[in-house]
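Once you scroll down, you'll see the structures, which are given as structure tokens.
Two complexes are shown next, each including chain A; its partner changes from chain B in the first to chain C in the second.
What follows is the complex of A and B.
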């Protein structure tokens, strides 16, 4: 099945510049949405209005450049006009072997293709899922109470989101191939609100690759995205956010929440290559015995880009495990911030939890800030956290050179290897290759400028 | 043009301290020479200097490989010209797979625009790994990352077998090896012995030379070669200890 949707079938945002502080930015009033969802939107809008802007004194925004955050300048995204070209781009970039492919541009679905979905699996744009499967959506949609500072962004997201994907793998349903989603954004100050809701029920599995890209270079689009990842008894979810927007212009806030039940496994990854300012929040709950969540990130940051990442690993039951590995390669005057907290809740004995952030500094003006944290309230716990910053060692380059590889190529191999260390922990050879090629491409662009 | 690795009156220092003090040595193609010597005699410095490590400054002397000035070349050029150093402490390169590393090293030897034949490459690599009793999983693992001491040394020999150098220097390849690993490594080296290739085996212990039988044995002390003989010299050293050499030196001084 393959279709390119025409304009009037798409979820359409209000045209023109919406006065954001005068009315809630509810899209597409014509679409039949469940009442609970309308209520959720309205309540989110009210919280958005009430919540304070992020402030310097807030520990969750320490080291962040708050000048980057200006809600007042946002306007609703207008429909993209070069839809066919975007679809072609998305098709050229996706993995070859996929279960389904959805392309959104400025909040609107512009293409969908279902290639290979097993019986019983649901994979739909979220607005359609609200209409067809409202009850399942309601059970899991935006249930996160914890926050790492992005409440106001999340409230706005809740008031405005109507694009993105709903994936549901019922008990025992193994969606083997990845589901690919493209989210294009463009236009100065135009905001998109993509949401992913993925549920793997008992012993089911889902893998999603979410691409975030710019329609054109240098436009100051704003992306306020969210993902809810849920896996119950023995279920497995892998979610990769591949953010390769324009290096200058876009501002991207991505807030992901993961909940793993008994013996369930969730892998949540952020690969960031583009964007002028990026804020990732990753909240992870290991809720029942045997729950395991892995959080990986590979970030290649250059120029004046700033990436700000905050994570929580919350162990809420005995025998739960989690592993976090974040890698930043920094060039020029780029900045990164990593703040991670491991919380072992009372009674969550026999927890294994790891957190590592490594920074590879490719320039003296680059700045990497790391703030690892641990709070343990249980016994028989194995936890470690650490962060390192450094340059490529001369000895490593010497070793590669001694095998005939020229110094510059050696330097690049080591940097790529550094990034690959977290990418290689994902599942799926084609996914890893796809991500690796992207990273390689950005390295090449840094080299050739 | 002489077919040898020819070191003449080599002086080298690190941070202003002279370590090599006029070392001369010639390894003709087809021969295996061993250098033995106590700790601190400068054995590893010699290997690093020949490979081109930037911490070492050559203040006098020369090294020629088949008549070509080795010291005049960049580190990577020396390797491509046929010089190989098996490291005493091989480096770990996280995230770079062993296979990609070897491929890049071989690719660097090809003219621009020419690509390695991947099928032939893997076939060659697998057969050489089999000879070294290396599990195939090592191709996908990061270079030396989490390898045991023995696995690292075997990996060095694998690299040597893949790159097929004209001259190879083995810097204490035996250190940290148990007897089984030592035999495998020695077997790998022996298979590489040929009239077209010269070896310099640097070792602290005679044990390795039971398995890689040298044509010539040199004793190094205080930055110079102080004694040269056949393989029986290694046995003599093992029996009498390095003090024997130093005492003999003191007597003639």
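What follows is the complex of A and C.
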């Protein structure tokens, strides 16, 4: 099986386009990969072929536009041309104080810089980690059983991924500064499969900023990304996905899985500004006493963009906590879907769990769908969810106008403040500032049209 | 020996419903469902051809539609449609006077503590014994005002000009598998027409009974309230306990014309082997108001999501729902609010209590389409968990298009606090009493929405359900 795959890869490299029904669209890397990984790829490919496309009656795809991604159109991503320019762009955008910086373009590593990594910490592109630290990768890589509807995407991801980052902070290792990753994608129907695997062992900590950007405007690239975030006893992981692709063209599926152990804390954030169709799935397991996971999202959606977000907060032990805050600001004919589920498993008493989705509708044609859900199977539980949809009230605008702020600026200020509420929950002043600036930039572009 | 009078007072409804009488049905369509069953029902009822066609078309839709198990509980697969009796009747025409009602039917009502006393309060009673209304009594004054209160067969036969226009229009046959089933085999239920400007002072009531093993009850209710008129309809159910599962699948359609008001009150207390799969929906025209007040205590599985389509400007819809799920029960209830005109408002307040291994589920849909202005929705769902094995779920779906609307949804899950129980025990209440008091307090603001006799009954039912839950 494994030899067949590498032969196909060679074929891909030779032809430059993928014989789609024969093999997944992996790019042309010639690497020594462990056998278990080859097996995993082959098994994922088989399950991809077997799985049905999402269908109308599938509750996990309710309200979704199912015509967005056609698997048969996908092709393997070709190497990017203007690599140097991309590296310059990435450097200009990153936070100043970082631990390491990796830049990928169309699945290939084009730049890496390690600035300040504490001893013992491992931070490598995932394909190299497979070669050097195969056992640790194997223990945690794509171990998620639960699904929120993206099984087929995830299977393809498993068959094709070879780019992205592996971060491992061993016991007590505190990686203070953020690790920055850029994932550039481009070319019509060219698919990339970035994967982040972050592990914070006992009392260790990791912070990652993942940027998703387009090489050029308006190209129909496809991003099928995944992340595994793991924190054991007292470990801490913060993962921020900053998706600022071109707002016409790219289609992005991001499936993240978090597992928090005893007294561990994971923060996982999605900031979405670009992409024509975006689907985020976030599966979160609070596995041991004291585990805490927080999920935040800020989405500024305009034009004909559609953002579809599904989340699961699964409480699997006593005294676990979780919090979710999603904010959507919608303009033009934009659509959002939020489906969240809090599951308190039998015996997980003394759970505290919250879930809030707020939609700010800024146009007559925008549409917000909310499906907040609760499944409680334990006692002594405090759970609540809330969802609101509304617009900026005339009183608020009037108040600011009375203080000399023009109506248009007042609207913007309120919307920015609305979005900032979830961004401000993150750790790291520079990270927040960086995200906030980007949100502001998109607001400015909306105003200047 | 305990005082028998006290014992009788405590053992209301549910236990009183725990008996059955010899079955001597005059018309019996046999077991199972086919075109022949439908021909049989239509022949017995002497129905017009268009109704027969309507039934047959519905049967085909029912057979084509899959079970909604993609989102609903797998328990539905335990319904064996071939083992169900789809039509039973005493064969008598609905009786107008109490003296004409057969003795065993009277006795059933006697045991339920329903008739004579309450009759004085009630303006009209449509009491259903199995498929046909065995007893119906509309007070003279109502007839004088032109209010029509009949069963479905009579309604379609005697007043087609009124009822045919809206029959099957609010809930189309193909709405879901069970509305299709009802459309194929419906019998019984109430058809009500209230003429313009008539405000019916007293609530109209109907009591439903199921009394044959493996017997499904498929009543069909259509209430049309003309411009500026008002009516309150009350529906309460108790059923004797049986060994095997029974199926209850009703369709209730309400039409409120301009400025009309309808209030539909249900207390559902089927025995815990009944599948209660009900489709209820109202259509509110301009400035009309439809309120569903719904309480589910009995049945094995209830799936019921009363809905309001707000079709005219300033129409209002409201659902108030109480659900109590005990061991072996699943109360899957909720609400559907479809805003289809400007300035329409809707409100959903749902409270559920899960006791023992009971499971309660809230499922809701709120839909506000594009190009509308000034629509508002408020949804609140609160769940109370009594034991560590109790379960509760909440699955709302809210769609808002455009920036002229406001919706808010909130849900919370909690349990009776140990402090509260401790406080009450300190003051001499037993743990059971303390628990009952606390649970009654949780639903109190909703119980008050029910008419007085119902709210008293409800409190007692909740007390009974809570009796063995502590410890």
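The rule is simple: the second predicted complex is superposed on the first by the 428 of 449 C-alpha atoms of A that agree within 3 Å, B and C clash if a C-alpha of one lies under 4 Å from a C-alpha of the other, contacts with A are read in each partner's own complex, and residues count from 1 in each chain.
Here, a residue touches a chain if its C-beta (ideal position, glycine included) is under 8 Å from a C-beta of that chain, and two chains touch if they have at least 3 such contacts.
Owing to the predicted nature of the structure, the values given are computational and were not obtained by experimental measurement.
In the superposition on chain A, contact is made by A:62 with chain C only, not with chain B. Of the two partner chains placed around the shared chain by superposition, chain C is the only one that A:363 touches, whereas chain B remains out of contact.
Once the two complexes are overlaid on the shared chain, A:212 sits clear of chain B and of chain C alike. Of the two partner chains placed around the shared chain by superposition, neither chain B nor chain C is touched by A:443. Set against each other, chain B and chain C touch different numbers of residues in chain A, with C touching more. Of the two partner chains placed by the overlay, only chain C lies in contact with A:375; chain B stays clear of it. When the shared chain is aligned, chain B comes close enough to touch A:424, but chain C does not.
Applying the stated contact rule after C-alpha superposition, one finds that A:166 touches neither chain B nor chain C. Remark: chain A residues 394-396, 398-407, 409-410, 413-414, 416-421, 424 touch chain B in the complex. If you check the complex, the residues on chain C that touch chain A are 70-71, 370-371, 383, 385, 387-415. Listing the residues of chain A that touch chain C in their complex gives 57-59, 62-63, 346-347, 349, 359, 361-391. Within the complex formed with chain A, the residues of chain B that make contact are 51-54, 74-76, 78-80, 85, 87, 90-91, 93-96, 100-101, 104-105, 108-109, 142, 159, 163.
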